[in-house]
Amino acid sequence: MQEIINRAKELLADGTVARVLGWRIGDLPYNPEPSYFETAEDLEKNFVYDGFCGANLSKYMIEGSKLEGKTLVFLKPCDTYSFNQLIKENRVDREKAYIIGVGCKGKLDVEKIKAQGIKGILSISGAEIEGDAETLTVNTLYGDKTVAYKDAMLERCHVCKGKEHMIFDEEIGESKDTKDADRFAEVEKIEAMKPEEKFAYFQKELSKCIRCNACRNVCPACSCRKCVFDSTKFDSAQKANADSFEEKMFHIIRAFHVAGRCTDCGECSRVCPQGIPLHLFNRKFIKDIDEFYGDYQAGADAESKGPLTSFTFGDVEPGVTGGRR
Amino acid sequence: MSITANEEFRPKIVAFCCNWCSYAGADLAGSSRLTYPADVKIIRVPCSCRVNPMFILRAFEKGADGVIMCGCHPGDCHYSTGNYYARRRMALLFSMLDYIGVEHGRTRVEWVSAAEGVKFSQTMNEFVAKITSLGKNVRLEDLRCRK
Amino acid sequence: MKSEKKQAEMIREISGVNPYKCMKCGKCSASCPSFNEMDIKPHQFVSYVLHEDIESLVKSESLWKCLSCFACVERCPRDVKPGKLIDAARQLVVRQRGETYLSPDEVPELLDPELPQQLLVSAFRRYRR
Amino acid sequence: MQRIGVFVCHCGSNIAATVDVKKVVEMARLEPGVVHAEDYQYMCSEVGQAKIAAAIHEKHLTGVVVCSCSPRMHEATFRKAAEKAGLNPYMVEIANIREHCSWIHKNIEEATEKAVILARAAIAKVNLNAPLKAGESRVTKRALVIGGGIAGIQTALDIADAGYEVDIVEKTPSIGGRMSQLDKTFPTLDCSACILTPKMVEASAHEKINIYTYSEVEKVTGFVGDFTVDIRKKARSVDMTKCTGCGVCQEKCPSKKAPSEFNRGLNNRSAIYTPFAQAIPNVPVIDREHCIKFKTGKCGLCEKVCQAGAIDYTQKDEIITEKYGAIVVATGFDTIKLDKYDEYAYSQSKDVITSLELERIMNAAGPTKGHLERLSDGKPPKNMVFIQCVGSRCSDNRGKSYCSKICCMYTAKHAMLIRDKYPDVNVTVFYIDVRTPGKNFDEFYRRAVEDYGVNYIKGQVGKVAPQPNGQLLVQGVDLIDNKQILMEADMVVLATAIEPDPSVRKIATMLTASIDTNNFLTEAHAKLRPVESPTAGVFLSGVCQGPKDIPETVAQAGAAAVKAIGLLAKDKLMTNPCTAKSDELLCNGCSQCANVCPYGAISYETKLINDHGIREERRVAVVNNALCQGCGACTVTCPSGAMDLQGFSNRQILAEVDAICR
Amino acid sequence: MFKIAKRNLPELLRAIAAEQELYLPVNISGQTNFAVWTEGTEADLDTLKTVKSPKDMFFPQSETLYTVKKENKKLSIQPEALREQRFVAFGMKACDIQGIKVLDKVFLAEPIDTFYAARREHGTIVALACHEPEETCFCKVFGVDCAEPDADVVMWAVGEMLYWKPVTEKGKALTESVSGVLEAADEADEKAVSDEQDNIRAIVEKLPYTNLSLEGWDGNATDAKFNSPVWEKLFKPCLACGTCTFVCPTCQCYDIKDYDTGHGVQRYRCWDSCMYSDFTMMAHGNNRTSQMQRFRQRFMHKLVYFPANNDGMYSCVGCGRCVDKCPSSLNIVKVIKAFEKEAVDQ
């Protein structure tokens, strides 16, 4: 981490960048927040990069691109896909960003730690970016506990897209491939269900939705200035799930709007306060796109046309695909 | 307004037809007096690529039991490429609806040319039969819209 | 006839060739170094498979005259690749012989250190699978 | 709130027999916004239209719904009627209660209920209609033809004859194109130059035609009726106004090692050159790559010998900016490269040649002065082999999947000419199929076989092997005899596939005209609009659209000219008002809409936007109404809903959905 | 005081539900929220905090106010009936109850919100003391004692037992109706409860946020806080989602919307969030144009404007849900600390 801080200080000092976009140390062991740093002192004192820095900073660069001068932004390998996609859609300015690709060994989800019955967390060790801790030691009001690093990882890290940064000016730190699950296993499980089981499954999950819009607002693909669900221009504005239809409508349309653009960064599932596995929608589209039109990874580059803005003459027919398995 | 006194299920079906092929195909079905059930109501759109998934979900929300989209055959689009985009969009949308448990068969895409009055009427007959067998759409309706 | 049909399907499956793509240009036969030795000519392989007359193909001289030089595969303008068809037909024959073919376990015993590796691999390619 | 009038047509008994029209009127009255409803026998009749006009005046209607036959039948009629009565024509909607209702349903109750619902949907839509006005744009009465081959020349002549100014842009130093390289033409065996040269002269002499040779299109902006084009006039190093075309400079030029493009590199030309004797303009250019003066600074011989003082080494490329109303693309073709077909030994032997090279050899002005001889040793050939479909009809990645269309005929022509002029030469043609659809085409081919004794063999050639003795060993197959053939030949001629001239890619991009996977320009409709590009105002002439022979090219050139003339004849273009429109406040500038627009109608501008008090520079989509055809592809691609289609807006369609499902 | 063995809890719940509707924390696909009890529903009393606060029971996320019916061209209005059935809110925590008191200030002041008032009137609150407070809790800062909630009935979970103490008349009536399943408590039980309370309070002292200072935050702090440059830095990570407001037990802003059912219009209200860009949007636009202003509004409201209008009562209860749930790890504690730091820096 010190290497990252030192490099940031250098770039700040030599005027390459006007500010640094990184993570600010939290007041609890697991809640650093995305933040700007403008001084070396602030960086030295308050910058943190550890296992809890799951937040994808790409989307902050939409606003960052409007600021005077360059912003140094730290992107993990998976975040770089989002950044590329944002470049493709002209939502961020490549020239305004100085990208340091930082290493990642899997990000942690405090909810997963708490789900193991651990409460009253006072400190956590093993989450540091240095070292290769396989276990987290959690000091709590109710005694010390341990959790395997793997068991505390975010869902997305189990299906990690890889260690490579897709775009960067320089790279610092080693990454670890944490993939130990099949990306589409969950989707396939649902696909194999009977229609009534599928319906019951999603009904149960989506009934938890409180329409806080966290999934949408954190999503780098949901970068609309005004979402159709907020806009009064159509009859589509919704503020609450007044009926169970609306939560489905919202999530289906949202997934459709990001289809072919979603990089599968997993932020939606990470931030959902009700723990809804929202990535299952996006991943279904990704799986279908891969199967119907050939493998496609949004954000792997900043130029190619997406699968929904291109076609081939021999594409599969809609009627046929709905019933395939 | 009640049409028939008996309790027989009459599905509500919305058909989106592109102006250049399928709407003309429906016209031809009409002028050839090829019947299909009155449950089908056609909405004219310039091209199948004008059909927003939102329209389809909206129809279900408001109580439609089936939605069908018709366009020019791939390669014959009046705007050259519109139906290719529509085809991708609908392939993905329908697959998603299937995935969340909406009965497969409530949605359909059919390419109908201006000369295919017979196909249009056949398709509609089949589709109405299919929807009738599936029964009322309860998985995607907004209960507030029930009378 | 039914088994014939199945055999034709197997050949198509093994070779991965779609015989319908053939436009009957004859470039395969024009390129074939063993043409004169063959009773059924390379361009005819395609129609035999297409007409599901695998029996004749399997019994033909040609089956064992093909050198697997793959000139026809290289030059076929339609990706039909008759060489692959004949290769598949051979495999069909080998498979029909049942258990008599070489299995990988037997290889070490047969292995002669003097034997060129390439020959071994090509033997495998031809006679196993 | 709209004030809507609903007019229900009986259509005699066509509607009224199955639909209770009175009931439809009664139910329509209850719909929001409806202030008037009536029915009539024939709404499309004079009287019916008068009723609509009267209601518009008396009830101050702002919207009209006509429940009648298909809008494809009478929408225009009713819109015109409304317009006459002072209502915006786009405030009229049709409920199709005939083709979609009365004609297909038998039960009166069912049909009536459906008619009511269809009327309701139309009313719901009209409630959200907004008056639309067709835009107007000026038409610049000048056409640009890109490419100066037979296609371009013919198009230019036809347009110019109609009285419009035409500019031809040709990248080589002379117009004439591929046709000028041909010796004879099938099926009549006319001398190519004899029929082409008069056309070239006519074009150059035409007062309405202006020819830019040695020039290329650099940039295109604008849209149908109003294109602005930058043309780069490459430095010719010869003053066109002074040169008399005497040719002394070419004779004296000491640098004579440049391969002649015109002769397909079979011989050389001087550094200062005109491509061929009949070149138009007959003004040479200096090929600066090969000119000694440009390479070393010394020489200057041409300047010394030029009595007109036309040589100007200081000339620079010049950019000419001109406005055009229509653009015709006539970029033509080239033969494919043969490096992937090494089995034919093209790269190994000088005596394996392409058909186009044979044209030059046969031509009296060609490298052999028209004598048929081997390029390796100059000996006359005894045995010649022609191989068909070289690179055509290949679905592998080596060649082209399409049929090049012209090869069967020109090969028959070559074979016939050779047998005619050199009866002792044996000519063998290996073919897959002989394709001769065309007037007098099959007769022509049969003459080659029957009257001239050309040996046609059904089968392909697998390999051509140059022998140490200079002969070519041809290994082929005769599929009819089921025999492999090994024969020695003195020359082998390859009917090489043709492909669009590579320059077309750049031009297509500039014009936002779409091209297919083979780089042929796409037509607006494969059957019904074969000479128009989907991009309005851009027309296609000749092989740039697909393989063609000369008569077809000339026919298409004429058709493209007619289309262009049709456009230029208009003073103003009325644009379709049902176009897409982007809401600047909602637009993200993400470019997805432009990706799906088939007409290149969407561009992006950075604008100062005032979004409820927040002022910022934003990149936003702008739709060009003259180009947009109103398909709506962009509206669905736009995630924020910024892009909407006028006349078929999101809210209008949703209102129809709601009304139907109610 | 009464008691019941934890294993007999279903009996108690059945007894309550026999009389009236019963809401209690239930775990549904991994998340615990208040839900209606039906036979077979398993109560989750171990999870300290439900994701959504229990304010839903008194002030639902969306509720219909009235319906306009359209028959031909005539309109008729059908008002929504007020709540008439009694219900029990079982297992609420001290902080949540403080939240309801905050809502009372808003909805029970003139003009009284009849929908809310009817629910308050018909609801009986059965509270549960917090057995194991967590690191995100800071109720003590707002004067809440989680060992002794202020409710109709208070419960303590100690070992295998659940202790039950009726406090108000409503509570006593409820106790009466379920007395068949309760046992009377003895002195040893009293001792166990007071030990539990001591225990809880001792843990509360050790919580990381317990000593958070509210110095400088009161009804008079508008000028001092409103124009502070701290906001400009603080809001930056905010995603403008509504998570904090929707999990908050005191946020009370709502929007009123119409839904076209095709045969009429349902007018309903639903929670709104001051974090949303269209919050209080009017025809001219929005009176808070930047996210900084919206962010500031939320905390100024909770810590300054609300106390200014409600006798010093803060509209934060220290439940820590926003600390738990904010996607960018922002929360009211960080806000308070940032100002504390600013004061120190000056």
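We call the chains A, B, C, D and E, going by the order they appear; numbering starts again at 1 in every chain.
Note that contacts are C-beta pairs under 8 Å (C-beta built on N, C-alpha and C of every residue); 3 or more make two chains touch, one makes a residue touch a chain.
Note that the structure is predicted; figures quoted are calculated from it, not measured.
Of the two chain pairs shown, C-D and B-D, the one joined by more C-beta contacts is B-D. Averaged C-alpha coordinates put the centre of chain C at 77 Å from the centre of chain E. Centre-to-centre separation between chain B and chain D, using Cα means, comes to 36 Å.
Chain D and chain E have centres, each the mean of its CA atoms, that are 68 Å apart. For this pair, chain B with chain E, the centres built from the Cα atoms lie 46 Å apart. Looking at chain B, residues 53-54, 62-63, 75, 81, 85, 89, 144-145 sit in touch with two or more other chains.
Touching of two or more other chains is recorded for residues 596, 637, 650, 654, 658, 661-662 of chain D.
Shown for chain A are the residues that touch two or more other chains, namely 226, 228, 235-236, 242, 308-309.
By the contact rule set out at the top, the touching chain pairs are A-B, A-D, A-E, B-D, B-E, C-D, D-E. Residues 21, 23-32, 35-36, 41, 43-44, 71, 75-79 of chain C touch chain D in their complex.
The residues of chain A lying in touch with chain D in their complex are 66, 88-91, 222-228, 231, 233-236, 257-258, 305-306, 308-310.
Looking at the complex, you find that chain E touches chain B at residues 259, 261-263, 266.
Contacts from chain E toward chain D in the complex involve residues 72-73, 260, 262-263, 285-286, 289-290. Contact residues on chain B toward chain E in their complex (touch as defined above): 62-63, 144-145, 147.
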